[in-house]
Every structure is written in C-alpha cells, then in structure tokens.
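These are the structures in question, set out in turn.
After this come two complexes, each holding subunit A, first together with subunit B and then together with subunit C.
Now for the complex of A and B:
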C-alpha cells in the first residue's frame, strides 16, 4: 500500500484544494484591479496579479476546479460509455461487435481539433460543450482497449469456468471479466484525465473552451502569453500546476493498478548483487566426463541468502545417462543451468564442476561460451519458445554450426544442417529445413532443438525435461533417438525429468533431489528395486504403475527460505521420528549408493 | 442407467461462414459415448485427438455440428438459453491448468461460492458455511476461504477447482486433464480425491487424460480416441490387459513403466500424426499402422464388438490377434 501513499496524498490535496476554493480566504478570481496590473507581489496576493490585476493564486485554485472538473467528467463519461460498448462488443460479438468497433473507427477518423471546432460552432463554447467534446474524443480509446482485453480474456479457463457454472451474462461481465481487465482500463483512464487537462487548456487557449472570465489554466496561459516579456512568472504558475497534476495522476494510476492486483503481493522484491565465494575444492580423483563436487547455487534475497541447490555431487561417464529426478522446486533445473553457466545474474554457483578435467565454474565467460553448444550442449523443456519464430529451422541449425565452426562456410553448414535433421528423424529433411517453427509439430520442434544441440557433436548433453511437453508416442521416439545417439557417439547424457518411468527406461544412474539436496543416488535398477530413502519410496509409490493404488505424498516441497531445521523431508515423511527434526542428516554411503536418512537401516524392506 | 449419452456427435471448427477457406477441422468425427450414473469413463488420446472437444460437447458448452447429446433423458438445450443455464448446476468441469483456471483477482471462497449464488441464490453466512464445507471436502483448510489463488500451490489450486465444480452438487463432472500439470506425488493425491468424491457423491465422471496409467486406476471404462474417432473402447481391465487395436497397443507400449517386467517391446510409431484438417481416408490410423493394408484405406472401419463391452475399430482385429 505504501506506493499509493505519496501520489494519493498529492492528488487528494489538489482535488481538495480545487473543491475547497469557495471556502478558502481567497480574493475573488474575476474582480479586476487595473491599478495593480502585473504586480509581482502584493499583500494577500503572494503570486502577484495578472494582466487585469486579478489575484493569480486565487485564479490558479479556481482554475484547477474548472480544469479538473472538465477532465474528470469527460474521462468518466468516456470510460463508462466506452467500457460498456467494448464489453458488449467483445462478449456478445456479432452485431454488437460491429457496432462498437466501427463506431470507434469512425470517431477516430476525425482530427480532434476539427471535431472540437465543429461541436463548439454548433453548440457554442462553454464548460458543458467542452466535456461533451472531450468525452467523445476519448471514447474510441476506451472502446478499443476494453474490446481487445475482453477478446483475450474471454477464452481463458477461469472465464470458461464461470460460464460453465451458468452465470448470467451481467454477473460474468461484472464480477469476472471487468476486474481482470481493470488494469489497462485504469491506465487508460489516467492517460485520458491527464491529456484531457492538457486538451482543456489547449482548447481554452484557442478560445474554444471555458468562457472568460471564468478562470481555467488554459485561459491563464493564454492571458500570460501576451505579457510574457513583462511578467514571465505568470506563465510559470499555470504550467507548473498543469505538469504537477498530470505527473501525480499518472503515478497514482500506476500505483492503483499494482495495488488492485492481488498477485502483486507475491512478487519478490528486486534481488541484491551477491558476493563472490571461493569456488573449487580438490581436483577430481579420476577424470570423468562431468564431475560435480559440492555444487551449490545461492541467491541473495532481501530476506537473506537462499540456497535452491545445495552441496550436489555426482559423476557422469562418457556414454552413460544420469537422471536427476524430484518434484518441482527441488532444484533440478537450476543444477543444469549452473553447470551450463546460464544462471540468472542474481544467482551464483559455488563448488566445482569439472568437464573433461576443466573446472567450469571458475572459467571465464568467454571460454564457457565456447564450450556451450560445442562440446557440451543443452536441450530445454519447451521447444515452442526456444526456437526463433522468424527464421527457417534449417538456418537456425546452420547458425548453431557456424557459431562454433565458422570455417565450415554457409553452404556447407546448410548441407550439414539437413544431414543433422535427417539424423534426428525428420522425414524429408530438405523440406523440413525450409520450414518455419510454426509449421512444425511439437515433436518435430523438439527434434530440431536436439539437432541444434548435436550440431557440434557434443560429448555431454544436458536435457531438461526434453519430452514433458510431448505426447507419449512422440516421447518414446525422442527417448529412442537419444539412446541411439548415446550409444553411437559415446555421448554422456544428463536427463532432468520428473517422470520416474522415463528414468527407469533410459537412465543408468539416478540422483533423487529433494529441497535442494541429494537424498539418494545410485544405479537406477538398484534404487528403484529397493529404495532406501523414504522420499524415493514415496515418489515410486505415487506412480500409477503396477497393481497398487498410487499414493500421494502429503504436503508440498518447502520453499528455499523456509527449510525445516532437521531432515527436510521429515514433515512429509511417514517414518519420521523426533530425532529427524533435530539435526540435518548427512549423505552417507549405503549398499553401494548414497542416502541421506537417519533411519534407512530401520525401515521395512 | 445412462446419464449422459452422446450419439454420433461431430464437431467441426472453422467451417462455413462467408470467408472460410477450405474445409474445417473435424475435431470430433462421429463419436458415440455414454456415461452411466456413478460411472467414470476415461477418454484417452494424444494432442489433436479431440478428447477435450468431446468433453465440452458432452457438457453442452459447445453445440455439436451433427449428432446430439442427451442428459438425463432429454436433449441438451442450446448454449446460453435459460434451460441451459439451469442445467449448469447439474454439471461441473475441472480444468487442466491450475493457474489459468482460477480468477487471480477474487478470493477462492468467492469463486467456489459462485455456483451457489447463481443457482441457489444463496448469500452471506449460509453461503460461507457451504463454502467452508466444500473446502473441507476437498482437503483444504476452511479458514483459508478469503485467500487468493496465488497463495496456493498447484495441487491445492486444483482442489479449489474441484470444490468450485462440486459446489452445486452436480450429477456429472468432466475432468479435463486435471492432473497433467502436477507433480507425480501431487497427482496421486488429486486422483485419490476424485476417486473418493466419486464414490461418496455417486458422481458420473468423464475423465480426460493422455496418461493411460492414471485412467486405469480411476475409471470403469475407457475410450481411446485418435483424430476424433474412437479406436477402441471397453472396461479398463480388458483394454489395459488385452488391448486389441494397434494404436492402443502403441500407446500402451510407449508409456514409460517403472517395473522392467511390465515393459514390452516398445512400438515406435513411424512418421507424424496426420493433420486433422486433412485426415487419411478409411481408417485414420492406417498411415502409421504396422498392420495396414490396401483395404484399410477404403472405408472407416466400424466398431466391432469383441464381447464384455470391448469394441475395436479395426478390420484386421481377428488376424493380428
């Protein structure tokens, strides 16, 4: 609520001042006093007198009343009518849509000043006319914004849900649609008020608006212009008042929009830059393809340091597949981005990760970039948003080749791209290479992503949920492809997934993560046949496979800023005892694997 | 006794109109489906199979292009009519996306209470009490009725969505991929909740999913769709133990299994699913079927009854065993 305070008080003060004008001990704003014409300062007139000797302060405040009245009234009318027309047009479609949209288009065809001239000529100048003109001018904006917002909101699930409940149209429009499109409308309203104040001043300045001697800011500017060289401050005051009002209005509407959005409370405040920590411990015992030791990811938040990945160690051998599994929020994806060096700026990796003997985390960015997409590559979950929609996919694969091997040349790179597309199973790769991403299915796009990752024959491929967005039959084909590539080229694969079935079918080793830590790791066949950690057990029991009824795990993964003091899984664990809540258990070797549980020996097999 | 009956329903999108070019997309092409009182019917298929469209047709949210849907013996009134609105109280829908299906600007209590306000004219304390009871029923703390959707996890939001769908005490619930975007540990909770609610309330349910394993535990019968046509249907025990249609077999074999013993030889379907805009002639699955022969291209195969309610749309079902 604090962001609302300052602009709210400011706008409130201005409105109060304008409304209280009759009550304030001000000189009459229209009484002329030609003797004191253009006086700089007089007792009772701190801002001086204007060209007819009228009190400037008094005229400024009375003028605010006139200007703001016109601006608010015009914007409110435009908003009310425009939103109604837009809502009906966007929701009912058909005739209402045609009427609302075409009406707005016709209005938009008139140049604003011409329209104002026309109406003023017909109706004569005055405050009422001005309000009428301005509300017509701002009407199309409200219609169009509302109409567009309704069109995009009407097919959202939450709107369909209320429709499925059989809500009458007024209830649906008022309770569900209107609050959800209120943000842009509020902004539109603030813009309309602000520009109406300016336009009022402009039209009054041209003599088309408020009729003298009624004070208005526009008329004050108009009057001051004539005597600009004698009394420049006369121009300053109304201009200052105008700018200040508009600025405060805009600030207020921005703050209002944020305050009215209940989601805003959940938005994290901006992160602070964090300290660099010492990376790397001892060199790896024996060279593996990827050796991760004590990897942590730290993010500094206003509430203190959080560690969404903590003390992770694992090894990937050439030609082998290591799977990382766990629920959402366990830190799987951050682990992958940390290894690839793609962490967001606020996050920082500590520990060590050796790729073929080179420590990655302490490597300068320039050298890491050479590794990325070259010897080590990554495939992301969402192929839809990872491909550039305006380039042909063949060119994008060729680009990946040229980024690391510019000596290949454009023509050869394109030929190589087609060969790669064939290798990942795209039928008719010549035609496929000329396609744009939107012409391909989800499975095809994921194949293109894999082709790009394979462009420079990586020795390590990190795949972050590569098949989650795909159908099972397509998933089977992609997993098949990855297995083939691994066998043929001896590529190491890190597969991040939440599907235990996928792990069981393709991985050699598995790392089970829970709340930033490894809770169990070992060979897949052994871990799945006899899980030692209660979390691994619970995860396996939740899979609707086999004859047993699947069982859920109560509760959710705790957030990084509120880890339980002892074992992090203890609050959800059916085997937890008092000791589990006391101190965090260490990862200990057990039956040829590693497990982080105090009670693994006591658990029933 | 059948509660909802779809007879040869069809839905074509994007056809007709003055400026429409070419043919529309037949999302659902002549499907018969029935859901008996208290029965759970699973609808499985991959993207583009028309399973969500079928769900909306059976709810009456979309008018069918051809065929018709009867609910409790009477034809569904046209969407938007007074009778249609009144009928909403007897049907509920649960959506896939736990984030997009709730209005982020209203408290969950207000959203759950919507149905009560609309159909029962219930207000104030009475409605609040009812909402609290619903929250309790779906396993949420009734004191949180004033909280907003963003304060809940994905699984909890899905519970809110279920409470909203159940508020008016419907006879028929359509669950459109309700667990697909949840973690497996949460999936099992929600499936269990739906199973319990179905038993306690005697709900008839249409459960739409691409995950065959989930359907198996929750549903009595299952319908397998491919490009808007029924490939196979029957009791889950029959269809999962002895799938007869080549597509059902491919789908089952592609589903990753934990237990190595349950894993059969994986059938990788060649090529890509055909575009629903331009489906193959005859059997729509023939372009990817290992058993296809020239006769398959001639006419759409009829559903042949194999006994025990299992029906398969394949002319070679006897030969391929």
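Now for the complex of A and C:
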C-alpha cells in the first residue's frame, strides 16, 4: 500500500492554512500600496509585494482559500447530485437509468475547459459560475461510480436479504448501499477536488475564473507574467504553491484508491532474489535424452522461502514417454517450466538436469534459448491464453521456425507453417494459418500450439496438461495426435497430467508427485498392476473405469508453506499411523521402482 | 467495415447531441438570453441594443425554427457571424484550426516518442533506479498544471537563459526554421501531460503483458528477447495505452487553449478567449462545436486504431 500518512498530512496542512487565513496575522490581501510595488522584502511581507504592492504571502494563503473553496463546493455538489442520479438510475432502471447514464456519457464528450468557457460566456465570470460549471463537469464520474456499484450491489446476497425483509427502497438505498460505495466515492471526491483546483487556476489564469481583486493562484500567475523580467520570484511562488498542492493531492488520491478501492489497486509483492544451490552432482555416465537429478524449485514469498518442487529425479529415454502425475498444486508444471528455463523471475531452480549430456540449469541463457523451441519444445496447459491474440496463428508458427532457422526466409516459413498445421490435423490449413486465435476452437488452438512446438523437429517434447482446458471429446484426439507424432518423430515425450487414465494409454514410465515430492515412480504396467503408495492407489481409485464408482480423495494438497511435519500425504491417508506423522519418509527402492512410504510393505495387495 | 460504419454513426449522433446541447444552453439559462449576453455587472442593458441582438441571433423566432436553422447552418458549415466584427465564424476557424492541430500533433508525437520507450524500459527494470526516478518525474509532471509549466518554460528559456523566443508564430512557408523554433516550447508544454500518462500506462501494461502465458509461449519458441519484447509484449501493451490516450484527449484539448494563450500561438484559443470576454456567443459556440467535433474525431481515430491493434474487436 502506498503511504497515506505523508500526503494526508500535507493536504491537511494546506487545508488548515487556507481555513485559518482570517485568523493569521496577515496583511490584507487586496490593499494596494503602489509605493512598495514589486518590493522584494519588507517587514511583515517575507515574500515581498506584487505588482500593486499587495503582500504576496497573504495573497498565497488567501488564494489557497479561494481555490479550495471553489474546488470543495463544486465537488460536494457534484457528489450529492451525482450519487442521487446514480442511485436512482441503478435502482429504478428503465427511463431513469437511461437518462442518468446517457447524460453522463454526453457530458464526457465535451472537452472540460471548453464546456466551462461556454458557461462563462453565458453567465459571466465569477466564483458562482465556477462552482456551477465545475460541479457539472465532475457529475458524470459520480453518476458512473454510484451506478456501477448499485448494479453490482443489488445482486449481492445482503441486499437481496434486506429487500426480502421488506425494507422500503429509500431506506435500503441509504443504509445498505451508501456505506458500501463510500470508499470509491471518497476516491472520486478527492480526484474531483484535485482536478477542480487545476481547472479553477487555469480559468483564473485566463482571466475568466475568480474575479480580481480576490486573490487566486491562477490570477497571481497571470499578474506576475507581465513583470517576469524584473520580479521572477513573484511568478515562482504561486507556481510552486499550486504544483505542490496538486502533487500532494494526487499522491493522496493514489493512496486513497489503493486503500479504499481494492479492485483498482494492483498489489505486487516484491520478491527477493534467492541464492542458487550448487548442482554438486557428476554428469551421468551414459547420456540419456533427459536426466533430472535432485531438481528443486524455490520461490521467495513475503512469508519466506517455499519449495514447491523438491529433490526430483527421473530419466527420459529417446523415443519413450514419461508421465508426471499428481493433483493440482503438486509441483508438476513448475518442474516442466524449470527444465525449459521458463520459471517466473521470483523462482529459482536448483539441482541438475542434463539434456543430451548438457547441464541445463548452469547453461547461459542465450544457449538455453537456442535449445528452447529447437531440440526441446513445450506445449502448455491453456491454449486460450498461450497464443498471442493479436497475431495470426500462421505467423506465430512461422515465427518459431524463423527463430531457429532464419535462413528459411519469411515466405518459405509461412508455407512450412501451413504444412505443420496440416500435419497436426487442421482441416483447412491455408485458411487456418490466416485466422486469429479467437477465431479458432480450443482444440484447434492446442493443435496450433503443438504445430508450433514441432516446428523444428524437437527431440524432447514436454506437454503440460495439454488437454485439461479442452472438451472431453477433443481430449482423446489431442492425446492420439501426440502419441502418433511421438512415434513418427521418435522424440521423447514428457506428459504432465492429473489423470492416471491418460497415463495408462500413452506412457511407458510414470512419476507420481505429491506436495512437491516424488511418492512413487516406475514402469506404467507395474505401477498400475500393483500401486505401492497409498496416494497412487487413491489416484487409481479416482479413475472412472465403468465398473466401480470413482472415489475422490478427501481434502486438498497442502500449500508449500504449510506442509505436515511427517509424511505429507498422512493427513489424507487411510493407512496412516502415528509413525507417519513423526518423520518424513525417504524415497526407497521397492520391487524395481521407488516409493516414499513407511508402510508400503504392510498395505493389502 | 460494419464496425467502422457503426463507430462513424455513433460519432455523428454524439455530434448532433452536442450541437443540440450547445444550442439549448443559451435558452436553458434563466432570463432573456439577449439581455443576459449584454448585461455587464448589475446595470440593465439598453433596450434598443437588446432588441437588435435578438434580431441578429434570431431569438424572436419560435425555438423550433431557430433549432432547424441552426442545424441547417451546421450542415452547410455556416456557423453564423461574430457579434463583434460580423466576420464569418467558420472562416475564422478555418484559418486557425490547422495551427491548433499542428500543436496537438507535435505535442502527441513528442509524448509518444518519450513516453513509450521510457515506460517500456521502466517496466523491464521494475524497481530499478530509472523506474523510480521516472515514476517521480511523471508524478511531478502530472502535478504541474500545463499553464504553469508553459509559464515556467518561458521564464527559464526565454527570460533567463535567452535561448528561445517567449512565443509567437511565423508561417512555415515563410521561415521553416523559425516556425519550428517557435513551435518547440508550446509543443513540449502540451506533451507533458500526455507523456506522463503514456509513460504510466505503457509501464503498467508492459508489466501486465510480461506475465502473460503467450509471452511464455514466445520464449518457449526460443525467440530472441528483443523480438519477444517487441512482438509479444509491447505490441499487445499498446492496446490499453491507446484506450487511455483516447479517454484523456478531452483534457489535452483543453490544455491547448491555455498553452496557446501562454505562448501567443494564434490557434483557436485567441478568438475563443476574446469571444468569451466579449460575450460573442456565435463565435464561442462555433469554436466549442469545432473542438468537440475534433475531440470526437480523435476518439474515432483512436477506436479505429484500437481495432487495428486488437483483431478481437473488429470482428466481434
């Protein structure tokens, strides 16, 4: 949150000074004294005298009073009338709604100062005219804020409830709605006051606002312009006073908006950089396609360090499919982004991951970039948001080609993109290539994402829940496509999913993750035939197989900042004993696989 | 095309509504309009003069007739004659409008050239020294009213340093260099508000885009960082910047009135201010309508630009 205190005190002081003007021992701001015109400094006049010999300090303070009176009066009138119109419009709907909202829209079509000048022409300059025209100018904002709040509030439960109790409408409006819109209104009010001070001073500067000899900052700047060459400080004081007041008011507005209008505030926790752990491991003797050893991901949060991925190890062989399974929040996607080098700035990867013998985590960014989208590619979970909405999909695929093979040239890359789109099963690839993402269905978009990943014939493809965001009917088609392409191209596939049903269909090996850790890993056939970890069992029981009712797992994955002290699955586990809650179990070899459970031997087969 | 047609139609309707409000404004004020325009201070105006003004403004005719005549005049771009010197309002506007437009264009250009790269850089180095300093500069610029900045520029560059002329105007055809020198300070004064807004919006919107999934996709392609930034972050970030700029145009147009006054730039503001002081109603109405139409036109252009930037708008 922005500091509210400092600008608050500043604005408060200015207001106090302006209000106290009659009480302060100041010279009369309008008494002229031509003998001392433009005098630099006199006893009782620390800032000197102006072009008519009037005391500058006194005029500054009285000028603040004039400006602020106009600004507050206009804002208060605009607020009262605007809130009334907004309430009526939002509550009564129909004609009142149309009138209030359209009225606000039309008023916003006038450049503010011109509307003001039109009114001044008709009514003549003066404080009354100023207040009238400024209150009209700020009316639309209050109408809009109130109207929008009423619309959203009238559907909320408490308003419905009070209404059902038979409360009469005016009371309902006054007692239940107003307190809720007080915050946004206060923000609007402060914005209106700040803006009114600017407009009032501008109009006075043009000689069309406050009427002389009443002191006003705008008028003071207007007057001092003529004597700029002999008395430049005369110009500086009102400029400074005006700008400082507006600066403090703007800061106060920002702070108020952050504090009272949470939807408008953007909260961005600042994240610390974290030390990176040493990989500290020797490369494996026989380079596999992907060899992950002791991979962890750490994120610094305001509450401290969390490790949403912890000490992960697995191997992907060329041409094989490895599935990583687990519920949402188990750390699957972060594992994938860590391997690709696409972690968000706040997260750091530790451990080691070798791709064809090269250690990825210690590779310079420029070299990792050349691997990404080239030899190793990734398909993301949500095709709706993963394509850029403002570029044609063909161009986005061609861009992937050109990123790694610029020698292909733009025209050939586009042709290749069309061929890729045909390969992933887009019916009319020529037309499809010219489409924007929003013109394609979810399944089509995911096919485009896959085409993009295949653009440079990768040897490793990581697919992060590629079907989660899609319709059930499309899911099978996308999985079949991935399996087919993997077989055709002989590439290794890492498939991240929360569904064991998918794993059984396409994967050779499986890694089951729970709360950042591997709980079981091994060959798919063996794991399915005899799951050793209770979590794997629970996941299998949750797969609908047509014979048994699928069983859900009670509870949710704990958050990385609140892991249980012992086995992380123990609180949700039907087999857990007291020992499970004492100390975290280690990942141990069992029947040719690995399992992290104290009781795997005791479980019923 | 349908989108363009619809937006143009909406703009025309709004223009008609504005014209109607401006027309009615004279009659909505309580009291006799002619007397009102002639009254100065508390003294009652001369009856003969009032009658003459009534005749001149056609106030003796039924309201409906006046309205139809007003709209017919608008359709022919006939905005009536000045009450002061009988000069046709439309012709006065025609000579001065291009100068105001030039000022707005120059100011916007300066603002965009400074605001967008600065906002982009600040976002990419969020929390860094440049980001913090630029944030404060933008806050300061937003706090200094445009006429204060203009006056201070005159004080500094013309009065104290004697580097630049204090103001004035020379036609481009007559002396291009002098023309541009005279354009510089007022254009900078106009630019200050736009630059601060463009900077803040670009920064916020680049930060927002950098966290988007499609940017991760672009990086997953192995695209070079500068291309990711240009094609997938900045390109998309321009969409909200355009919207906000369009919303702010109204107050920026108002700013030109003040800037022209400060720098003696002979655009629309000189006759406008003279007319407001002299209660020259036809001239004020003509200029207010022209600037409002300009406002609508700029907003229309912004909307069309927005549709070009964001293909989702035009086709939905």
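The rule is simple: the second predicted complex is superposed on the first by the 399 of 605 C-alpha atoms of A that agree within 3 Å, B and C clash if a C-alpha of one lies under 4 Å from a C-alpha of the other, contacts with A are read in each partner's own complex, and residues count from 1 in each chain.
Here, a residue touches a chain if its C-beta (ideal position, glycine included) is under 8 Å from a C-beta of that chain, and two chains touch if they have at least 3 such contacts.
All values reported here derive from a predicted model rather than from experimental measurement.
Colleague: After superposition on the shared chain, which partner residues are touched by A:417: those of subunit B (first), subunit C (second), both, or neither?
Modeller: Neither partner.
Colleague: First (subunit B), second (subunit C), both or neither: which does A:511 touch?
Modeller: Neither partner.
Colleague: Once the shared chain is lined up, is A:452 touching subunit B (first), subunit C (second), both, or neither of them?
Modeller: Second partner only.
Colleague: If we overlay the two complexes on their shared chain A, which of subunit B and subunit C does A:229 touch? Say first, second, both or neither.
Modeller: Touch status of A:229: second partner only.
Colleague: With the two complexes superposed on chain A, say which partner A:246 touches: subunit B (first), subunit C (second), both, or neither.
Modeller: Second partner only.
Colleague: Given the touch rule stated above, what does A:205 touch, subunit B (first), subunit C (second), both, or neither?
Modeller: second
Colleague: According to the stated criteria, A:131 is in contact with first (subunit B), second (subunit C), both, or neither; which is it?
Modeller: The answer is neither, since A:131 touches no partner chain.
Colleague: Across the two complexes, what residues of subunit A are contacted by subunit B and by subunit C?
Modeller: Residues 266 of subunit A touch both subunit B and subunit C.
Colleague: Mind pulling up the subunit A residues that touch subunit C in the complex?
Modeller: Of all residues in subunit A, those touching subunit C are 106, 108-115, 117-124, 198, 201-202, 205-208, 218, 221, 225, 228-229, 232, 235-236, 239, 242-244, 246-247, 250-251, 266, 270, 337, 340, 342, 344, 369-374, 377-378, 380, 382, 385-391, 399-400, 403-404, 436, 438-439, 449, 452-453, 455.
Colleague: Spell out the part of subunit C that touches subunit A in their complex, as residue ranges.
Modeller: 14, 17-18, 21-22, 25-26, 29, 36-37, 39-40, 127, 139-140, 142-148, 151-152, 154-155, 159-160, 204, 211-214, 216-225, 227, 231-232, 235-236, 239, 249-251, 253-255, 257-258, 261, 272-273, 275-277, 279-281, 284-285, 287-288, 291-292, 295-296, 309-312, 315-316
Colleague: Applying the document's contact rule, which stretches of subunit B touch subunit A when the two form their complex?
Modeller: My answer: residues 46-47, 59, 61, 84-89, 91-93, 95-97, 100-106, 111, 114-115, 118-119, 148, 150-151, 153-156, 161, 164, 167-168, 183-192, 210-214, 216-217, 250-251, 253-260, 262-263, 266, 268-269, 271-273.
Colleague: Spell out the residues on subunit A that touch subunit B in their complex, using ranges where they run on.
Modeller: Residue list for subunit A touching subunit B: 156-168, 171, 175-176, 179-180, 260-263, 265-266, 327-328, 427, 441-444, 471-477, 479-480, 498-502, 504-505, 525, 528, 538-546, 549-554, 556.
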